[in-house]
Amino acid sequence: MLEHIPVLLILAPLLAAFLVTGLAWIQSAYCLPLALAGLLGSLLASIAALHQVMAQGALSYEMASWPPPVGIELRIDLFNSLVLVVVSAVSLINLVASWEFIKREFEDRKETFLALYLLFVTGLLGVTATADLFNLYVLLEITSLSAYALIAMGPSSRAPLASLHYVYLGVIGASFYLLGVGYLYIMTGSLNMGDIASLLPAIWSSQTVLVGFVFCLVGVWIKMAFFPMHIWLPNAYTYASMTASRVLAPLMTKVMVYVMIRLMLTVFGAQYIFRVLDLGPVIVWLAVLAIVAGAVMALVQRNLVKMLCYIIVSEIGYMVGGAWMGNQAGMTGSILHLINDALMTFAVFLAAGNFAFKLGELRLENLRDLFARMPLSSAGFVLAGMSIVGIPPTCGFFSKWYLISGGLQAGQHAYVAALLLSSLINAILFMRVVEYAYFGEVRTGHGHHGGHAHGGEMDEAPVAMVACLLLVVASLVLVGLYSESIVSGMIQPFLVRSFV
Amino acid sequence: MHWQIDLFILTLVIVCALAAINVRDLLGAAVLFGAYSFLMCLLWAIMGAVDVAFTEASVGAGVSTVFFVAAVFQTTRRSKD
Amino acid sequence: MKRIGLIVVILCGAVLLYATRDFPAWGDPASPASTHVSPHYIEHALQETEVPNLVTAVLADYRSYDTMFETLVIFGAGVACFLLLRSFGARRREGWYVRHIPTGVVIHFRKRPRIPHSRFFERLDTEWVPHDLIIMTICRILLPFIQLFSLYVVAHGDFSPGGGFQGGVMFGASLVLMAISFDLRTALSRVGERILALLAFLGVVLYGGIGVLCMLLGGEFLDYSELAKILPVHAEEARALGMIGVEVGVGIAVTAVMAVIYVNIASAGRHDEGL
Amino acid sequence: MEQLLQEIVAKYNYWLYIILMMIGLYAIISKNNLIKKLVGMNIFQTAIILFFISISYKEQATIPIIRNAHGPGHVSPEAIQATAYMNPLPHVLMLTAIVVSVATFGVALAIAVKVYGEYETLEEDEIRTRIREKIK
Amino acid sequence: MDPVVSVRPLLAVLVSLAVVPVLLSSGGRPNVREAWTILAGLIKFGLIVSLVPGVLAGREFSLTLFSFAPGADIALRVDGLGLVFALVASFLWMVTSLYSIGYMRGLAEHSQTRFYCFFAVALSSTIGAAFAANLLTLYLFYEILSLSTYPLVTHHQDEEARKSGRKYLAYILGTSIGLVLPAMILSYNVAGTLEFSQAGIFGAGISPAMATVLLLVFLFGFAKAAIVPLHAWLPAAMVAPTPVSALLHAVAVVKVGAFSIVRVMTGIFGFDLLGSFHLGYPVAIIASVTIILGSLIALSQDELKRRLAFSTVSQLSYIVLGVALLTPYGAMGGILHIVMHALGKITLFFCAGAIMVATGKKYISEMAGIGKRMPLTMGAFFVGSLSIIGLPPCGGFISKWYLALGTLQKQSPLLLGVILTSSFLNAVYFLPIVYKAFFHGPSGGKGAFSVTKEPLMCVVPLLLTAAGSVVLFFWPQLFIDLIEIGLR
């Protein structure tokens, strides 16, 4: 079965999704175990794939045994195996953590939610694993379609509208991508990434290729909420059900960043992107704008989740800027940050979800005395926040290191400045939350009643939610401390051909 | 194939598209949108994409329009633009 | 907003027009798109799969993995519509309308009436929808033909335009026609929600199952030629049979999902009254 | 002049698809009515499909179904010429794209119905005032 | 130097971290909690003392924990300088723990468990910073220290405390992220390593302009050293409970800042490079400005803790000044000042806290005559002031002596003048307090002080540190040896 690993990791959640819809009408008690089994299967398969890739190089799977470019190929190399592991792990952990929450929010429709959730994950895994541009589009649409529905199901009355706006922009994004693929197809006649990559150098000067690339890129940017195409994201993720945004926020945008880097490095090649085209400086400036705008917008938010959403917008700026820096350090930083940011965002959203489970709406004022009520969740939140700010030894620091390093090497001082500025603003943002949550007025008046003078009894979220949060937070530190092995073991071998 | 027919239908398609987004009645827009889809399907049939034309006829001109009408039935026909 | 829209549109249009200068001329048989991969399909598909309709061959075999996800998109849309709209609670309403068929008298009830189970009474929708004997009768006659034709489209997809998707949409449309010409309740009493869900499930499982079966028989995922091991045919015919199998799966799933989407949108998820 | 005419005949299809697409894009961005935007979205998608179909067209070629494939006097596999049939690949891709667009359309309509249930209107500006009122 | 791989430095760092869960779980029982705190302090001090003979014998204990990039690992290394700092910090932690028991219980503070936990974390990171083998590790512990002291600063949870906390973090995090981080990465890009070494890491590959910019960025970036104009957080942070001010703002936090600057100048740039680019002098000037300004502002403060805070601002720059002289004596004096100032200043803070606990008084103008009520406390205060001023028989004299020698070596009468002026100013703002405390009557008439006796748990520690200050005057040799090893 080993040779089937690339397809198994997609099939596991897919079949689970089918079976869940079937079982929901017959014996709904089996749905959750089935979904968990599916996600676990996909996690194991992606770990096995990572292992195999590290041992013997990229895996290629010819769908229906037609060799590419005639058939569709799945191709797993160092880069996407890493992303696959993150995607499957995050989705598995989120399901474990959110089940109580899902049960409460969706009551009689939780099995349907589960099915859509699995479809969403399947889509993400498929997008990451495929080596076919059109297949990527189809899977992207599966992901988006389930995301639209998951967001529209939010408890807030504004959720459907936010989701509808996401639909409009999402469709524009996907269509732009498709159009770009069409342009590439008209010039090369192929859809397979590797095949196109081998055909492109002959027609580098073609305007069609350039425009195709630009449209692919803009499409992907819309999907990843790159400033100024980010307008759909904050509302969508804020008004969605926390159970959904906990998986959407860390994965959706990051997988799109993956797609962008894949397009840049594998399809078009670093040579074309950085030498033939001279878009780097312009896009880095856009990234600077994204970083600053995201940070500033985050400052004015009074809603915790919305604030986190704007932080995502600025983090997207980090990654795009790093990727377009044109040197190995920047690209390394971008890829490492992709992994780290997925974990960091996941951790803060897990914590926010725990808060929401107990508090309902997460306006900053509602967070008073949170620490006394939910000490573990808040501690997890603070650690995750530290990682986003970039305090060592959490992983956020190490990816920032490479990003800044890349910026300095490329002479992009504005980017470095923006990155530092946004780190500082992130620090302010998280300190503000901490002030509300930890250092509100002591209710009994300070200095006259020893011991615990905090108001509010301890009222922590369910065990599974807290345990998952702590697990993810621990992984933030571990990934940080072992980032060297990720960089030298996986990212740099992948990049070595691109940056000589 | 005669490019004159092609051009004629293309023009009609564009007219239908403009009408569909400009008519101030959603039910009217639904019908015009159906017409647009059907003309498009014709165009594709001319270009030899029979399978796609078939699909567009059943989906675009058929089911999509029905969904559209159903949605208008559940909401409102009113449209300010 | 209008101004932003105009600027974006003009910008995009200009960029796109700029790119067309490089395009190969329209209909040029020597363009890269027509010479790189596609000749393989045209020249070898018949030999390799025994299916003369090249689109079907590419759709259901060479790029069957895409098609599986295409089915999945439809399936997902059905699930999504169900999740979004289906509400099990009854609508707050002004009353119930019941018609006594022989006299044509319509009675309005404040509370839910207990209608005697007889063919003399029928429930009417609160909101007026056209309800015409002629339409009903004609549709009743037409329905079987539509459905038969859609089955033909599915089955004959290998040789002529059509296939699982088109056939499925037509079959779904026939259900929708039933719901429109009679009313939603009649349609749902023939093909209930559970049955639709089960059909959708069966359809996608049929597709995925064939793929997995190929894998279990020792081939790659969706490599129908492996089916020759359990069918009394040779590998190329097995491919054609596999294609029919998945097309049927697509057809079933699409039928069910089209009906689900329609029913949910038309009744805003309450499944009692609607267009 | 001759050249220009040739250029027009060779490319007008592409240009018209661009016009169509821009109509759709404009509608998505500028229309106020939520369902109108969906119409624009569909026009936008069909325009792209039109573009792909244009790619697949070949002069002097027929629809991509092999003639005389089976039965007596059937064509030998070696005799099939790639230039004799349209390129089937874009057709396949666009079948998928149509399906995707109808699925998206369905889901979007469902969401729009939900939005209407919430605000009793489909006009964006009116919805915005409702939201503002609610916050107050 | 022979390097020895040893886990002892790591253990020394982790001890107080490991005690945090225990503290958390013993939240309800203060005695258990404080017993653990002190026990951890003893173990930590013991571990650090056990490293002394080895270092004196010329060994270098080191341990690489995680590697991040070549030359930028997360690694610990014990050398003379680090050991000096660690010894002082861990010794004073024990004393402070004792003191805080008296203080916190005396004032019945809330959230004491949180207080002890973050105290322990702060100590861990201080020791970590002392033992850091490279700039990356130093930065890591520096940041953890900043964050873990924030809850201590905001301990009172009122508006003023929150404001000060904001100010504190804004200055500390702002500079460390905004200045140190890019400077560090730039240094790494230039040099390819961040490992401290006497020769510096840059070699010939750096231009004078770049070196100047980097040095200045580092100097201001380590804002914990409170170089003017980045000193404003220090007086603001005085809202914290006194043990915090004492340990963290006289010893741990500010000294980590100064120590980081010392490390950067000795280990990253190296004296040779600084000398050849003539970078010592500008730094010395900046430090001198801080010294004089700090002293002048201190003169005008009426709140005792604020006066001490500004005094700290000025004294910290002695350390920087000493190292910036780039002479052996100067460096010796500067680093020795870490030790001497720590003991002197902590005594003064303890006294301020003891007065606070016993009488509730915060302002100097209210303290006339207090010496008669609290003779032990004010006696210790006198010793502490002497040490800060730099008069025998207190440790401060030794460090200032070396500093003065350093300026002479450098042949810079201006800097000598700065040191002398500042010492004079120190005397002007400290001695009147003592004088009034003993020889004036209370301004508000007899019986203005409700205190009957000095709180024991407060007095014992401050006597200990005052005695330590005197002892160091007579036996400073251990530290001098260690620093010599460290600077070799």
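Remarks
In this document, chain identifiers A, B, C, D and E correspond to the written order of the chains, with residue numbering beginning at 1 in each.
The rule is simple: a contact is a pair of C-beta atoms (placed from the backbone, for glycine too) under 8 Å apart; a residue touches a chain by one contact, two chains touch by 3 or more.
A quick note: this is a predicted structure, and the numbers were derived from the prediction, not measured.
By the document's definition of touch, common neighbours of chain B and chain C comprise D.
Here the chain-to-chain distance from chain A to chain B, counted in touching steps, is 2. Innermost chain of the displayed assembly, by C-alpha centre distance to the whole-protein C-alpha centre, is A. Compared on C-beta pairs in contact, C-D and A-E come out with C-D as the pair having more. Chain A and chain D have Cα centroids separated by 29 Å.
Here the CA centre of chain C is 74 Å from the CA centre of chain E.
Centres computed as Cα averages put chain B at a distance of 11 Å from chain D.
Residues of chain B in contact with at least two other chains: 50-51, 55, 59, 63, 67, 70-71, 74. Shared interface positions of chain A, defined as residues touching 2 or more other chains, are 134, 138, 141, 145, 148-149, 152, 160, 185-186, 191.
Annotation for chain D: residues touching 2 or more other chains are 9, 12-13, 19, 25, 32, 54-57, 61, 63-65, 89-91, 93, 95-96, 99-100, 102-104, 106-107, 109-114.
Inter-chain contacts occur between A-C, A-D, A-E, B-C, B-D, C-D. Against chain A, in their complex, chain D makes its touches with residues 25, 28, 34, 37, 41, 44-45, 48, 51-52, 55, 89-90, 93, 96-97, 100, 103-104, 107-108, 110-112, 114-115, 118-119, 127, 131, 134. Contact residues on chain A toward chain D in their complex (touch as defined above): 134, 137-138, 141, 144-145, 148-149, 152, 157-158, 160-161, 163-164, 167-168, 171-172, 175, 178-179, 182, 185-186, 191. Of all the residues in chain C, the ones that touch chain D in their complex are 1-2, 4-6, 8-10, 12-13, 16-17, 20, 23, 25-29, 31, 33-35, 37-39, 41-47, 52-55, 57-59, 63, 66-67, 70, 73-74, 76-77, 80-81, 84-85, 159-161, 165, 261, 264-265, 268. On chain B, the positions that touch chain D within their shared complex are 3, 6-7, 10, 13-14, 17-18, 20-21, 26, 29, 33, 36-37, 40, 43-44, 47-52, 55-56, 59-60, 63-64, 67-68, 70-72, 74-76, 78-81.
Per the touch definition, chain C reaches chain A in the complex via residues 15-16, 18-24, 31-38, 40-41, 61-66, 69-70, 72-73, 75-77, 79-84, 86, 88, 194, 197-198, 200-201, 204-205, 208, 211-212, 214-215, 219-225.
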